[in-house]
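See the structures that follow.
The same chain A turns up in both complexes below, where it pairs with chain B and then with chain C.
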Partner chain A sequence: MDFTPVIDNFDLYLEGLWTTVRLVFFALVFGFVLAVPFAIMRTSKNPAVNGPVWAFTYFFRGTPLLVQMFLVYYGLGQMQFMIELSQQPAFEFLQDAYWYALFAFTLNTAAYTTEIFRGAILGTPYGEVEAARACGMSKVQIYRRVILPSAFRRALPAYSNEVIFMLHGSAIASVITIVDLLGAARIINSRYFTPYEAFISVGVLYFCITFALIGGFKLLENRWFAHLRPREETTAKRKTKVSQAA
Partner chain B sequence: MKKLIAAVFATAVAVGAVGAEAKDWKKVRIGVEGAYPPFSQVTADGKLVGFDIDIANALCDQMKVECELVTQDWDGIIPALNARKYDAIIASMSITPERKEKVDFTNKYYQTPAKFVRKKGSGIEITQDGLKGKSVGVQRATIHDNFVTEVYGDEVEVKRYGTQDEAYLDMVAGRVDLLLADSIALEDGFLKTDSGKDYEFVGPDFTDPQYFGEGAGIAIRKGEDELREMLNAAIDAIRANGVYKSIQDKYFDFNVYGS
Partner chain C sequence: MDELFQRLPFILEGSLITISVSLVSAAVAIVLGLITATAKLSRSRLAKGIAGVYTTVIRGVPDLVLMLLIFFGGQLLVNYIALEWFGYEDYIDVNAFIAGTLTIGFIFGAYMGETFRGAILAVPVGLLEAGYAYGMSRQQVFFRILIPQMMRHALPGIGNNWLVLMKTTALVAVIGLNEMVFRAGQAGGSTREPFVYYLVVALLFLLFTTVSIWGLRWAEKRYSVGVRTA
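And now, the complex of A and B:
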């Protein structure tokens, strides 16, 4: 094995790393912003509110991410109005594959996150809602002060999985010309015909991001689930534990 | 359990023993791409057709061996050869020094120049200045990829595709300004098709052997000289007996072998 091509072209990997991080980060942020209202709609008993969101999550959870990305990139891209629009100076960014991948990833992660949050919202102990109502809170206040904070807390372990899946799923962006982490590895592989070196290095980089994410979520869980830990543990001990986890 | 292990071990030894003998090539597995019209493509009913495919079959007939065609995506086509997924690659692969480090090549079986394609009326010229800020679509891991990256890498944005067909799709969608590929592949695979009617060739024929190699040859694993000699002899034979010409005339109206 000869890792010189990888070392010589490490800036390519770093660029790829940056693209992957940006892509995943924004997809998760936008996906989250969509998922919160969607999850609330999804728990509604009114089919006119619940139905469209159900159809959305059904479609995006029922088809592979790669298919969704092809539909957006090649499918939408072939439409005449999209071609004309992307030739306008103001919409030139539509020629860039990045936005199509971001769009597809956002909708995909929104669908999964919606279902995760829906489950968490439905899991809210009814007593909490009743108590809030007895205090005279409005519906919005109940969601903001009671249901959503406790739902996010409960959803955290499942959501951390979704984040990691999204990171790994983002590797398919390289198929539509985006030079993300895997895209960088494929360039190295094709230029030097060194599949092992190129893909092992990229695997290690994905590994590092994944572990950083897991560590981050562990910190969050330690913080948000503090009330669930055995009582005899003192605050001082807790603090050292948190710093160790970091 | 012990018997099973013994059996597995015995089989492994037997297989190893057979593998160690010199191969007498009754059957040759050939890697092809299947997404590079008119050289190699899959028809609507799933059949492999094209110039490469016909050449492969003609060579096998000539060598009196059984042929099995295996389709493989382009950017894994050399690793798969070395991983023994097949024994030879007949996929319009140009003979270049980089590839020669990983595989051996037969003599060429055809040679055609590379060219750029632009949209009619776009007025893009193939000069260092004319290319500034443009994007060029190429197939990943090809001589065209290497050429654009090395010669115009500072001026243009290189967009790399897994197959030539995907590059055509993006050209039509207006996402790349230029394509660089083999002139025949571009002409028959794109310009002559319905979606390619608004596009045209621009710039010179590129043949510089430093980037574009010595023509397309058949790649085989390093050290399999016997197979290489068989293939070289077969290429000469079909060139001499007219089979090559009849295949060529089926696809092209000019001499595709080059000088």
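And now, the complex of A and C:
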């Protein structure tokens, strides 16, 4: 194997890396922003509120991300009004495939995140809600101060999986001509016909990002779940203190 | 609308390919998963190490990267072997169906392995010991006792993997297998109405997942016969 084409074109990989990072980051941020109200709606007992969100998550979780991206990019992007819109100077950015991918990814991750948050909200111990109500908090205050903070904490392990899933899912952006990490590898492969070098090097990059993210989430979990850590350490310390005092 | 009905059989034919890709790769994944789980639970350090590397690599790398690597890399490898070892000079095309099912099976084998490992650990050792006490061989205990007993614990995991796997098969359209996503692209291109055809395919995927969920519920009930709950 000869990795010189990869090394010579490393700036292409860096450019791809930057695109992947931007794509995943913004999809996650927008998805998160959508998911919070959706999750609250999804826990509503009123079918008129709950139903549409259920349909949304059912559709986006039940169909492949690739098909969703095609629906947005080829389907929406080639509709007459979109073509006309993208020809206007203010909307020229709509000719770039990046925005379609970002839109599809956002909706996809919003659907998954909604269901994760829904589970976390439903897992709130009811006593906490009752206590908040007894303190005279309004519904909004209860959500803001009690339910959501503890729900986010409980959702963290599942959410970290969703982040990894989005990172891996974002590789399909290369199918619609976006030069993300995998897009860079595909260019190298078609230019030099070196599939092993191109795809193995990009696989290693994805691998490193994945495990860096997993490590980061572990740190966060340790911080947020500090109160749930096994007590042995602290009790052991206390015992030695007691014995010293005695 | 007429055009859609004309092309519907074409798409539906593609959906059969999607289903067969899913079934074949699921079979590959289950076999690989059983091997991985036994390797992880074995006493051999080497087997444990290989299985560990396998599951870690799969979890770290996107499926499309692996698929392209196996498709393009496999093509190169097959042609190299054919030329160097057998002196075969014609160009061999790697079948997209085979490359696709092998890749998806290979990916989901890792996830199935984790599922099976957990499920095997949930089977009481006493049941296996009872099997040995009856004079069954290791294979007999494995197939007659371990697999039926662990299935109940493994089914929810297998179900989740199956649902994700089915959606992953859409990726084989990228390497040119004419399953339904690929066909929707063709039909959408020639009618200039891609939205309609991709929507049809999306709804077909929804149908498949919905039917699968029903089937899985039935299977879970079937394998939990005899388990009493409060």
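One rule holds for everything that comes next: the second predicted complex is superposed on the first by the 230 of 246 C-alpha atoms of A that agree within 3 Å, B and C clash if a C-alpha of one lies under 4 Å from a C-alpha of the other, contacts with A are read in each partner's own complex, and residues count from 1 in each chain.
One rule holds in what follows: contacts are C-beta pairs under 8 Å (C-beta built on N, C-alpha and C of every residue); 3 or more make two chains touch, one makes a residue touch a chain.
This structure is a prediction, so every number in the text was calculated from the model and none was measured.
Superposition of the two complexes onto chain A shows a clash between chain B and chain C. Of the two partner chains placed by the overlay, chain B and chain C both lie in contact with A:Gln78. Contacts of A:Val202 after superposition on the shared chain: chain C is touched, whereas chain B is not. After overlaying the two complexes on the shared chain, residue contacts for A:Val175 are found with chain B and with chain C alike.
By the touch criterion defined above, A:Gln68 lies against chain C but remains apart from chain B after alignment on the C-alpha atoms of chain A. In the superposition on chain A, A:Ile187 contacts chain B only, with no contact to chain C. Judged by the touch definition given at the top, the superposed model places A:Phe59 against chain C, while chain B stays out of reach.
When the two complexes are overlaid on their common chain A, residue A:Leu213 makes contact with neither chain B nor chain C. Shared-chain residue A:Val49: touches no atom of chain B or chain C.
Counted by residues of chain A touched, the larger count belongs to C, out of chain B and chain C.
Once chain A of one complex is fitted onto chain A of the other, the partner contacts of A:Leu156 are absent, as it touches neither chain B nor chain C. Clashing C-alpha atoms with chain C after superposition occur in a single stretch of chain B, namely 77-85 (options considered: 5-13, 77-85, 113-121 or 185-193).
Taken together, the two complexes place residues 74, 78, 175, 186, 189, 195 of chain A in contact with chain B and also with chain C. Of all the residues in chain C, the ones that touch chain A in their complex are 57, 59-66, 68-69, 72-73, 75-76, 167-171, 173-174, 181, 184-185, 188, 192, 194-196, 198-199, 201-202, 205-206, 209-210. Residues of chain A that touch chain C in their complex: 58-59, 62-68, 70-71, 74-76, 78-79, 164, 167-172, 174-175, 182, 185-186, 189, 195-196, 199-200, 202-203, 206-207, 210-211.
Every residue of chain A that touches chain B in the complex is listed here, in rising order: 74, 77-78, 82-83, 86-87, 95-97, 175, 177, 186-187, 189-193, 195.
Of all the residues in chain B, the ones that touch chain A in their complex are 75-76, 78-79, 98-99, 101-102, 135, 140-141, 145-146, 159-162, 166, 169-170, 172-175.
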